[in-house]
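Chain naming follows the written order as A, B, C, D and E, and within any one chain the residues start at number 1.
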Amino acid sequence: METMFGIAVDGVAYGMILFIISVGLSVTLGLMRVVNLAHGAFAMVGGYVASYAAQTAGLSYGLALVVAVALTVLATLPLERLLYRRIYGSANELAQVLLTIGLTFVIVAGINYLFGPTLKRIPLPEMLTGTVELGPKAIPTHRAFVIAAGAATLLGLWWLLERTDFGIRLRAAVDDPAMAAALGIRTERLYLATFALGTGLAALGGVLGAELLPLEPYYAIRYIVLFLAVVAVGGAGSIFGSAAAALALGIVDTAGKYLIPNFGEFFFYAALILILFRWPHGFFKGRAA
Amino acid sequence: MTSVAERPDPMSDPVSRHTPPAARRDLGWIGIPLVAAVGLAAYWLLPDDLALLTRIAASALFVLSLDLVLGYGGIATLGQAAMFGTGAYAAGIVAVNWINDPFAMLAAGGIAGGGIALATGALILHARGLTLLMLTIAVGQIVQEVANKARDWTGGSDGLSGIDPAPVLGLFRFDMFGRTSYLFALAVLVAGLLVARRIMRSPFGLACRGVREDPLRISAIGGSPKSYLVALYAVAGVFAGVAGALTAVTSGIVGLDSAGFPWSAEALVMLVLGGTGRLYGAVIGTAAFMGIHHILAASDPFHWMGFIGLFLIGIVLFLPGGIASGLERLGGLLRRKEDRA
Amino acid sequence: MPAEPVGSLEVVELRAGYGKTLILDGISFAVPTGGRLALLGRNGVGKTTTLATLVGQTTRHGGGMKLDGVELGGMNSSGRAAAGLGYVPQTRDIFKSLTVEENLVAGLKGRPRSALEEAYALFPRLGERRRNGGGELSGGEQQMLSVARALLGKPTVLLLDEPLEGLAPVICDTLMAALSKLDMTIVLVEQQVDRALDFADRVVFLDRGRVVHAGPAAQAKADPALLERHLGVALAA
Amino acid sequence: ATIKVGVVAPFSGPFGVAGKTFREAIEVYQAQHGKTVGNDTVEFVYKDLDQANPAQSKALSQELIVKEKVSFLAGYFFTPDALAVAPLIDEANIPCVIFNAATSAITEKSPRYVRTSFTLWQNTVPLAEYMAKQGIKKAVSAVSDYGPGLDGEAAFKTTFEKHGGTVVDSIRMPLKSTDFAPFMQRIKDSGAEAVYAFLPAGPTTLAFTKAFSDTGLKAAGIKFFGPGDLTQEPDLPALGDAALGVTTSFNYSRAHDSAMNKAFVAKHKEMFGSTDTVTFSSVGAYDGVHVIYQMIKNGGGGKIDGAKAVESVKGMSWESPRGPLTIDPDSRHVTQTIYLRTVEKVDGKLENVEKEAFPKQPDYGYKVAK
Amino acid sequence: MTKLLEVEGLAKNFGGLQVSADISMTLNAGDRCALIGPNGAGKTTFVNLVTGVIPPSAGTIRLAGRDITRLPAAERVRLGLIRSFQVARLFKSMTVREHLELAVLQRDRRTFRLFASVGKVAGLADEVAGLLDTMGLTQAAHTAVGSLAYGQQRLLEIALALAMKPKVLILDEPAAGVPHSESQRILDAIDRLPEDLAVLMIEHDMDLVFRFARTIVVLAQGRLLCSGTAKEIVADPRVREVYLGSRADAR
């Protein structure tokens, strides 16, 4: 019983971290229909900025987080103008894959050049080190913090996309950009804003998740499959879907590794296949479907 | 990115839009002899680089298999290496344990690749878009994990070594200089291209194109989209398996990487780079990518990644249909000039 | 732009098409404020292309179009919509992943949500289906939604591409009556020639990307030979 | 004349650091000992192989032989890449000096392999003996699920149980794991006093070590042992205090206290500005170059006969930055001193500080039937 | 007379919404029947139920005596139950000709030939040429459908249905977007079909309905309202109210 509880807690904590990093991808993929394989790269950039800000510039953790998100968004906005704008739309999927892989390569090479190949860390403040007791189970304070941040992100995003006119206009622009423009919706600005949202979330996830997914130049490539899995299981563009998927995968992965570590990898992918077999459009049928 | 996902946008590709299909087909026809001719020329011109050329030829066959599923079936996959790896291991295991004739190895690879494609295809091809992409990745990972666990047969992460293929037709030994390897690989590639072209111009190829565009419409004329896709996936699996076997024959070793995700992803990049739905685009893309990689990695291994990234971005921005579409456009221009003259 | 846009439309020697393909080969017509123009012609002559060019969805190769004297050519689609164009495309272009209500909100152009009631009053059917997905609607319901969505933006010039297609005759009656009451400039493309001619005050016939006849609607209606020549039909007696 | 040495290693990609350490060490060696041997100039030609990919490894090696006409092959970070060239070096009669790839079985596949790195068996056997001697009765092994990991697991189990200990759980962890909390839970539940862990150097070791202290295992007094890959020098700054007190066994530590090592580290710092990347693979390459130089010397100039060259260095002994080395005439693998180290802060910088030395350790894994 | 299509007690709910309720009707060989009704009455839904695109909540469907209620859509097509779509649904990058080739090959189950060439399949070219001619599409044969005017797409939609050699042909608003001049083509094509098959047409264009139909069925709010000849229907006040409006007088 206690073990089950332990697995559940660990799984939820892991899941929330997956959620916070992947939800930005769900936004760009589901809402803008951009297969943004550079999502991991943006997350990594956020992490590196925070690491630099905290370690070299000596900012506090909170401040470093804000700076990282802001700088990442600012740095990637020109990319939207110059690159992404040309590949919007589901018809361009292959071009998207190629372009974002190319971009990822460039970012990886750049980070490698600037910061070197070794692992980087973002020092945690005193407050977030140590553990909190959750019944019989102790979980690291930092993870508890991430869970809270994830929940806040979840609610905020849901409200923004489902309840505001911005959300409606955005979804209209995604569904049929030409018609949306003909109705007077400024699709270009909307896309810019949404892109910024997506990269901001990526950076946030990169910083908050750095304890689990350590920062190094190949971060950008190493974890992208994991993020895609969350988005696919959740249903692209569905915020609640991403959360449900991240938690489900987190728990499955944790349980698999605990119970049958030798076949941990099998277990995870077999579960993925089963879930996608049962829900081919993801838990919450994706917007793009 | 689900239902409409894999359709190439007719608007983004002005050439295919306005060239009558017949003209495009003609270019396709020149493509294959051209591959053979350039391949042979390379044999004489670059005798010291046969190792690289052999890898390009075998990889091109693999990328070709991906073109079959993606370019003609609209199946976006990041798990094609599962078939490649299965074919490679099958060929290797057959060679190590039973018979090391290169053709027998190719046959084993083809059967294994086709078999695994048939089995997994039937399981996953109900899905589309991102879901399918994930499923293919998952299948790839599982195949790789099986290969890792079956150490007794596959050598696990150490790789399956000790593959020593017999001389081709009992005459041509696989030498250190790679002459036999290269010519053998080139011949298999050209044969593969011919067969693929044949299949894609058949009624089956036509039906597959229909499925790619609108599977529901296919069922409305009485076809079963899934059975076409599964068949196509299996056919492509045979190609991928043969490509894997070809690599096993020419390199004498099979590693876990041959079934890995990076290899699938790289193949996708090479295909899109070359241009989908053309067959010879696969060859162009593979040659361009691996050639450039080779040159960059030799001159500046630390930063080649950045350069190749810029190159990919450049292709998307300036040659949206891939290199092959650029060539077609060039061809179109020349022809128009001729017409005027 | 004048303080109060009133909606006169002028098209001069317009040449446009898709990419390099030229479809419209020099089209000119004008609609005065509050005017109603029927744009008729056989299949594929370029009616849809004309309207799509006006809203900025095609490639313009030459010529111009002015709304209240302001040239539209340099603006993008959303700019033209802001300038007062409203558009009901032939293919309806419902946002399939949005609910009916959200589809309407997307057309509000900044007006308050209370304005949605106007749409539900015009087509009660939409009110009943407001929570349904746009993709779930029947063909005719989609047509209603498309028209209602365009009207909610209070355009000064309304471009209608076969708005009656797929509507039950009673609904056609309702819609035409509602359109007749509108106080805006309207360009109507329609296959139901009799209804179109009843509605419009002027008519333009297109053929292969050119204007082949322009004149008062009433005159055209009374001239079976003319209709026969440009449309290949005589009106049902 | 010029004698070329082809080096195949990852210079880009996730393991790019490894190639970098090779190259730097080679350049340090050449700066210290000159680029010539007798009348011959030794020139290194590098080929990038970014990840384990035996087919590519073979193609690159083939190109080095055919096009570059190298007299030696060297490098090879991963086992399959090293294994792939066995038929080639036999056919071309070229010695192949392995700077890293650590599976014992490699040198069995061709008489032309010489290895100057280490094997998992070599590192693990003395460590397991040490653990048993510390009075540890119950231990868990947790290794990455791939060749070297399985070697480590087997070496640990055999040795530890031979000395009276019990391995209560053998956990194999997927190579790509990111979250280690469940494994920690399992280790905790097993009731072991100590854990023997092996993961390849990189992000996973970091996450593992962090998880070990985060989930309270460290606080619960469970001891943490493993081969030195876990705390390799380039990762230490990122590991931070989580690594303090981790005990590892390895053939080299940057902090090794010897004149030769000081000279090596100093020269490295002089040439490349920092010693952050000095680690086990550096000395693997450094000593590998030494062996190559020796083979050239023994050949007396001119063309290299692979078989004879290898023969000439069997049993060769010398002093390296890591300590005394001998090439075992049987296995052609270096017999060396294995050090027991603990991570400590030295001048504010984390270092693997040597606590004990186990001299003359051979490759215990050579020809162990599997 | 042979009963080709029999529908009994067909019903469909979407969530709580009853879209079709207790629909029963029969189509006999030779029938030319029109299905009319207000927007959202459930006509397309009815077609979707009959053709197997969506499963019914209740009821049975029989084709030539065989119960096909549970058969998948493609299976029904192979049995000769063919439909056209209300909104043209075509393969955008394929040419008109390729559409028809595909349809004919599919009908004859010759699509799994991997090594034959489309151009050399016996009899194919002639049949396709005939179909192109029937619908006046010969000129457009090599045009990709994506750049075809909408009206021509509608004609191709019908040509596809004809290519399948149907037993029961269901046309969902075949003339929507087709001008009167061209709609005659559609009627001509239908006239040339073998007498012994049944055609069901959904259409809002009353001229076309009256020219085509021998019987008319009216659907309203998911239920059958009435059926009869054109005269009877026009005379029915209920039909005038829910559907025809001013058009009743235009006749």
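As a working rule, contacts are C-beta pairs under 8 Å (C-beta built on N, C-alpha and C of every residue); 3 or more make two chains touch, one makes a residue touch a chain.
Heads up on the chains, UniProt names are A, B = Branched-chain amino acid ABC transporter permease; C, E = ABC transporter ATP-binding protein.
Note that the structure is predicted; figures quoted are calculated from it, not measured.
J.: Of all the other chains, whose mean CA position lies farthest from subunit A?
T.: E
J.: Which chain has its C-alpha centre farthest away from the C-alpha centre of subunit C?
T.: With centres defined by C-alpha atoms, farthest from subunit C sits D.
J.: Given the two chain pairs B-D and A-C, which is bridged by the higher number of C-beta pairs in contact?
T.: B-D
J.: Cα centroid separation between subunit A and subunit C, in whole Å?
T.: Whole-Å distance between the two chain centres: 43.
J.: Averaging only over C-alpha atoms, locate the centres of subunit D and subunit E and give their separation in whole Å.
T.: Here subunit D and subunit E have centroids separated by 73 Å.
J.: Could you state the distance in Å from the CA-based centre of subunit A to that of subunit D?
T.: Chain centres of subunit A and subunit D, defined by C-alpha means, are spaced 36 Å apart.
J.: Would you mind pulling out the distance in Å between where the CA atoms of subunit C average out and where those of subunit E do?
T.: Here subunit C and subunit E have centroids separated by 29 Å.
J.: Show the residues in subunit B shared as contacts by 2 or more other chains, in ascending order.
T.: Counting only residues that touch two or more other chains, subunit B contributes 7-8, 11, 17, 302-303, 305.
J.: Mind pulling the subunit D residues that touch 2 or more other chains?
T.: 13, 16, 20, 145
J.: Among all residues of subunit C, which ones touch two or more of the remaining chains?
T.: As it turns out, subunit C has residues touching two or more other chains at 21.
J.: Can you check the complex and tell me which residues of subunit B touch subunit E?
T.: Those residues of subunit B that touch subunit E are 7-8, 10, 16-17, 20-22, 198-199, 201-207, 209-210, 213-214, 216-224, 228, 231, 235.
J.: Using the touch rule from the top, collect the residues of subunit D that touch subunit A in their complex.
T.: Checking each residue of subunit D against subunit A gives 13-14, 16-17, 20, 145, 171-174, 176-179, 181-183, 185-186, 189, 202-203, 206-207, 210, 214-216, 234-235, 237-240, 276-277.
J.: What part of subunit C is in contact with subunit A in the complex they form?
T.: 55-57, 76-78, 80-82, 85, 87, 89, 93, 95-98, 102-103, 105-109, 149-150, 153
J.: For a test of understanding, state which residues of subunit E touch subunit B in their complex under the given definition.
T.: For subunit E paired with subunit B, touching residues are 51, 72-74, 77-78, 83, 85, 89-95, 98, 101-103, 105-107, 110-119, 121, 142, 144, 146-147, 160, 164.
J.: Could you please specify the touching residues of subunit B with respect to subunit A in the complex?
T.: 1-9, 11-12, 70, 76, 123-124, 126-131, 133-135, 137-139, 141-142, 145, 261, 265, 268-269, 272-273, 276, 302-303, 305-313, 315-317, 320
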